[in-house]
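Labels for the chains are A, B, C, D and E, by order of writing; each one numbers its residues from 1.
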Amino acid sequence: MAKQRTRLIPTGLFDLASPIRIPGLGRKWRLGGPPGIETAEEVATPPEEGRVRIRCLDYGPERVAEREVEDLGAFLTEPRPEWAAVRWVNMDGLHPFVINSLREAYPFHTLAAEDVLHVPQRSKLEAYDDHLFVVAHMMSTGDGTLTDEQVSLVHRPDVLLTFQERPGDVWDPVRARIQKDSSRLRRSGSDYLLYALLDALVDNIFPILEAYGDRLEAIENRIVENATPRELQQLYAAKRELVSLRRVLWPLRQVADDAQRAEYGGFQEETAPFFRDVYDHTLQVLDIVETYREMASGLTDLYMSSISNKMNEVMKVLTIMASLFIPVTFVAGVYGMNFQFIPELSFRYSYPLFWGVCISITVGLLIYFRRRGWIGG
Amino acid sequence: MAKQRTRLIPTGLFDLASPIRIPGLGRKWRLGGPPGIETAEEVATPPEEGRVRIRCLDYGPERVAEREVEDLGAFLTEPRPEWAAVRWVNMDGLHPFVINSLREAYPFHTLAAEDVLHVPQRSKLEAYDDHLFVVAHMMSTGDGTLTDEQVSLVHRPDVLLTFQERPGDVWDPVRARIQKDSSRLRRSGSDYLLYALLDALVDNIFPILEAYGDRLEAIENRIVENATPRELQQLYAAKRELVSLRRVLWPLRQVADDAQRAEYGGFQEETAPFFRDVYDHTLQVLDIVETYREMASGLTDLYMSSISNKMNEVMKVLTIMASLFIPVTFVAGVYGMNFQFIPELSFRYSYPLFWGVCISITVGLLIYFRRRGWIGG
Amino acid sequence: MAKQRTRLIPTGLFDLASPIRIPGLGRKWRLGGPPGIETAEEVATPPEEGRVRIRCLDYGPERVAEREVEDLGAFLTEPRPEWAAVRWVNMDGLHPFVINSLREAYPFHTLAAEDVLHVPQRSKLEAYDDHLFVVAHMMSTGDGTLTDEQVSLVHRPDVLLTFQERPGDVWDPVRARIQKDSSRLRRSGSDYLLYALLDALVDNIFPILEAYGDRLEAIENRIVENATPRELQQLYAAKRELVSLRRVLWPLRQVADDAQRAEYGGFQEETAPFFRDVYDHTLQVLDIVETYREMASGLTDLYMSSISNKMNEVMKVLTIMASLFIPVTFVAGVYGMNFQFIPELSFRYSYPLFWGVCISITVGLLIYFRRRGWIGG
Amino acid sequence: MAKQRTRLIPTGLFDLASPIRIPGLGRKWRLGGPPGIETAEEVATPPEEGRVRIRCLDYGPERVAEREVEDLGAFLTEPRPEWAAVRWVNMDGLHPFVINSLREAYPFHTLAAEDVLHVPQRSKLEAYDDHLFVVAHMMSTGDGTLTDEQVSLVHRPDVLLTFQERPGDVWDPVRARIQKDSSRLRRSGSDYLLYALLDALVDNIFPILEAYGDRLEAIENRIVENATPRELQQLYAAKRELVSLRRVLWPLRQVADDAQRAEYGGFQEETAPFFRDVYDHTLQVLDIVETYREMASGLTDLYMSSISNKMNEVMKVLTIMASLFIPVTFVAGVYGMNFQFIPELSFRYSYPLFWGVCISITVGLLIYFRRRGWIGG
Amino acid sequence: MAKQRTRLIPTGLFDLASPIRIPGLGRKWRLGGPPGIETAEEVATPPEEGRVRIRCLDYGPERVAEREVEDLGAFLTEPRPEWAAVRWVNMDGLHPFVINSLREAYPFHTLAAEDVLHVPQRSKLEAYDDHLFVVAHMMSTGDGTLTDEQVSLVHRPDVLLTFQERPGDVWDPVRARIQKDSSRLRRSGSDYLLYALLDALVDNIFPILEAYGDRLEAIENRIVENATPRELQQLYAAKRELVSLRRVLWPLRQVADDAQRAEYGGFQEETAPFFRDVYDHTLQVLDIVETYREMASGLTDLYMSSISNKMNEVMKVLTIMASLFIPVTFVAGVYGMNFQFIPELSFRYSYPLFWGVCISITVGLLIYFRRRGWIGG
């Protein structure tokens, strides 16, 4: 039953095995190696067919053309059509050979190339003299799975390169907008395209956060009703996942703030308010994550208190049961003694009297317990 | 009984279902869509009658005129009376068509238009070259219900546009002041009107906070008297609600600070102290929220400790009862044995001696327990 | 007994009903009203006799004159004596009519007038072009009562206006210093007087904090000896009171810092080190409050742990008692059975053997408990 | 035994009565009095003999002379030898008369004089036009006692005045270095002397912190072995002492940072790296204190958990004992009944059967408890 | 078994005896001594053979030469080959004589020399006019041991001096890159070498952090399965170790940031992005440490809650057992009494009736317990 529910919502919501990767962990290390892309050998070897998929989208105010790049060498040497004010080259799958080829046509810093390849990196924005390098995280859900993928973007005045780990992204609506003749995207430069892509990345986080909120609320309801160890483990997993999420999303704020203020010639002034808007959305994202973290903390307290309350209940039952019967059992034991001289034994009304005493003790104790609020009320 | 009390004060005070919305959650998403207002179709469709209500208030030092706008197109084309130094257009209900029409007459940024429509947003102030955009939250109580509504304000040197989600607001006293001939509002520009509206928004939060304080105090009193799980759930709800409240109110501080310092031509210098006053009030608001949060935390500790204390009491009763009767029950059991050779059985004073032993044991244990402070004291 | 002790020290030390008011709470609200002082009617009505008391102190290097102002109108129109370099007008009791009259003679901002009247406000310093407005809090103790009163100070180059809520203040030593011919106060300007008054306000907080410290130490001693629920409630009240205290005192730091740096023509350069000294003292005050808060937190932990320790003790006693007697009671029960064929019943030494078995079991368990450290040690 | 250990290490390590004084507490107050040193009368009265001890150390690259000052008046009027580039006047014991006399010869601000006298103050550095005033804390250990003493230093271009509360300090190695002909101290100015003294103050804190560390480790070991309430109280005292320590040491960081950056003509540029070194050491000191605070917090958690674990153990023993014997005692009770018609009573093998049943129940329960992990494993 | 696991991973992961040293602790103190390297005597004594090992690596774009320095005096006087653009002198083992000799040939500040010798220091970067001094920490693992070693680096425009505490480091890949003819290192200056060495230090921390992560996960799994006191102690050790780790790694961030911004003539502009990359990696390192700290905190909560849950289980068993048998034992006791007149004793069906009553009571209680959720479900 629990499993079925898991399928309906993204995995990674309060599983111990969360798909959210802490940047810097799980990379393969070439300790002490030079910065930049991989060994000469790796750089010289083209990828097997199908491992990397490159799509090029050229557009200007009047025309737009999208195509799959089959022969990278030919593509990079042929001239760009004159009407194409902006070129967006997107790569699905990371490979040193392809990155290096692109770097030769559209130069970017060797450290940026390293960060493209060595995923996952912390989100960041780095402005160089003639280009801008952005690392961001694309969180998306498809068929009930939450995926967290690093996206690297290299911005040059008339070109935008985007590198994804896997095929499939959240940018199809942006592509649709480019196809539309009258859209602002078509009329604007590559900086506006960069904004549109970052905006799509950030906006996609909101529905994921709502799924988190729904889960937390479900846990809350179950704790209020009946707290079991299952809720506890889910709470712990929730906290852990929110901690990871915060680590991944926190640097986004810096990226959006840097984009807004970047002293970089490639941005037009009128694009600044749009980056400010992205910044504003990252603030909302972080606010929500913080709120959930605080809620998860509050829920842990609630859980602990309700465990204590339950133990109190159990103890009260035990105490009441024991207190009611222990004294009367003693009395019964007294008259079970085999002493030869126990005068009560031969009295006529001893037995009813015995019951009278037992009932008095019991009623007295019940009244006492009621006064202390242990029964009823 | 509890229910009746709930009716007397705003709902949302320590209910799990709080009306306070975390900005960014619960919006409908058009992921990856263009910024700005909705689809062309939506923009082109005027709202059904009654869904949106527009009121226009023109005033200057000498005259004031208020009217309901019926025909938006006519209203926007007709010239403004000369005596009207300030025009305040208020819209109850959000609709793309209306917002777009207003934007054509009184231009403001497409991203601002987006934020007007996509509620709830984080409070913020954004200065553009010739206009200023403010998002704030209007918290009000009416017939026992707390409502939290986004208010968007667009300031231009001689016009102030305000957008509310629903009819009904906290600005009637401001309208009354505008109607008064000698009032400072009448003599001042649109920046002073903006101040007056923000000030009314912030001041309305204080009585709501006092209601929170009263509730917390009531919980405190009940915990001190007798802590039950009901108090625990209310405490958790209080914390949760205060966390949300803080998220909503925190950005207000930035808005008031930005208003005070905004490098924006539309503000006159003598209005700055007034915005500083609003800033000061938001600091007070946040101080109060923080104080309540710390009180709620302290109450959780108090609750937990008093649960522990109670359990201690229960355990003491059990231990005392069990310790008093278990040994003497054993003694009674001994002389209930059917061994043929138990010399005591036939002694003449065995029975009174037995009672003597029992009473000695009991008294001894009572003294011991008293010394440890478990009884009396 | 507890009550008597309370009388010896200021009330408000760890009472649930603390006299420390959170700024912004408990005011009467005129929501949406204009800033500044009250309605025209209120402003036009002079206060009843005795409700407000005004004292004027004129002084210069050579002379000093103090007098009670009976007729405010006459006082404000008559010229100031030439020898009076500084005039200090103090008002006990707040009244719109009086404040307005003073504002006409010595102009200050309408928002400042509002803050004078609407107590309690957050401590703050606001520099205007030709005057400075300070809100501070005067905490004092008299006949065992802690009082927290808002004091507002308006500084103009040659006049200082001070507004108190009630008669009685901590400034008598300052007045005595003004009366002394050779004192620095007499030779200095109104900025030095402002310093002297603020300094007196801050210095008066120290002995109050020491009373808090003594109380905390007393609670600590009682918890170490014997923790009862009474200590718990006092601890909670202590934390709550310290939280409020911090809210009230924290903004003082900003006031002192602002005074030190204020870009305001009315201050002479040589007074700056004196304001720095006040700043330094507020840092000490806040340090002490923080230390006490951390001590109170530590005490809560100590309390909780000693409750747990106590419960441990209670449980051990129960377990030992039950474990010692339950097995032997069973043995006694066995030989109380009425089976016809229980061979032991007729053995000659069954009874002493029985006792031997009981004592062996008991001693064995005692040794076991001692090894686990439950007895002795 | 515990006492003896206390003697071997500085007192104040985890005693409730710690020698560390919170600055601002425990002073005698002259509320509302003028700043500066005490009353005219106090200033006019020379100290009793022996209460104050003044030593003067004159040195230059070529010569050095140290002497006890007997007659302060004569000392202050006689000219300083020409070879003496630097004069260091040290005073043990604080007295208004002496401070005032020194102030006349080497002027420093009246507020500084106040801070010298009114100990304990917060550490601070205050730069005036022609002199610099430093308050620092000298922590030292001697014969097993930790002492915390305020040291005030007044720096003028060619004179350094130091004021200590009591005789005895940590500066003897500095004096020895001055006596050495080739030392850098001899060749440098008074700013380098100031550095050397501050450096000695800070460096002396490290071994004290190591003693704290050793104590914490000892507590840790005892908690891991066997947690008793004694450890709890020590932990609380440790936390309390570390809180105080942090309050005292925290401002040192500011002092060292201010010294490094002070815009003050009396410092030579090449001394700056030395003050940076002091700053660096204060960072280490604060790091260590923070680490210990976090360790103490962790230990409190460890303590609480091990108390819970112990209670779990106690409960398990009780539950096992009770569960094993309660059912069989019931069975024995059944056959102790005196009903006339209990067929089992006369069966031949009832008694052995009874034992069989008892043993079966017991073994069954033992297996159950083992499976739940309560026994063994 | 536990021991064997320890061998497979670095020691110091969650041992109470962690190899991570808090900077400032464990040094030998020369309190009040002069800054700089040791006594004249120590400086004058060359180290015993083998205690210190010096390697010199000269390289330029065209050639590279590495050699062991046997005779330090000769080495320092002989001229450097002309082709050697960069000289890297590495010292394994710290000795005053050697450091002093190097300082004469390649001057650096006496305080830097002090910090080289007095390990462990806080990581830091200090820019002087003509040289730069860096303290960093080299964490490495070899044969299952985690070691933390201070590395000091002195950068001059054409020389880099590195000082290690012990032989063995993480820089062999850097040396290999220098040997490669076409490498960027060979073509770049000493600032790029400094970057390469710092980068290797930081990158080596990642796999160590992954080992920490694996350990934490192992503890997590064991707590979820079955929480024992062993897990508790490991958790405490984990927290303690992570606290220390944070103290050691935190200042690294400042070092990397300072390197990026250093106003120091010895760095070329194009090296700045590389230092920015190191900064970025330190941020990742600190993010991971923080994440682990928060996970360890969460685990402590989880542990505490599961202990409480267990105690609840134990209490329920006890309560159920006691409640089921105590009443029926009383009933049995009643009919074991020896009163002469107990009518039930002689009824024919008393005994079966007795069993009926017992079973009814038991079943009733079982139903009650099931309803409360104590059994089953």
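For this structure, a couple of remarks:
What we mean here is this: a contact is a pair of C-beta atoms (placed from the backbone, for glycine too) under 8 Å apart; a residue touches a chain by one contact, two chains touch by 3 or more.
Small disclaimer: the values here were computed from a predicted structure and weren't measured.
The chains in contact with chain B and with chain D alike are C. One inter-chain figure worth recording: chain A and chain E are separated by 26 Å, centre to centre, where each centre is the mean of the chain's CA atoms. Once the centre of each chain is set as its mean CA position, chain B and chain E turn out to be 43 Å apart. The residues of chain D that reach two or more other chains are 304, 308, 311, 315, 318, 322, 326, 329, 333, 336-338, 342, listed in rising order. Traversing the ring of touching chains from chain A and stepping first to chain E, the chains occur in the order A, E, D, C, B.
Listing the residues of chain A that touch chain E in their complex gives 16, 22-27, 29-35, 109, 111, 114, 121-122, 124, 126, 128, 226, 229, 232-233, 236, 239-240, 243-244, 247, 251, 300, 303-304, 307-308, 310-311, 313-315, 317-318, 321-322, 325-326, 328-329, 332-333, 335-338, 342, 344-351, 354. Interface of chain C with chain D (complex): residues 170-174, 177, 183-185, 196, 199-200, 203-204, 206-207, 209-210, 213, 220, 224, 273-274, 276-277, 280-281, 283-285, 287-288, 290-291, 294-295, 298-299, 301-302, 304-306, 308-309, 311-312, 315-316, 318-319, 322-323, 326-327, 329-330, 333-334, 336-343, 372-374.
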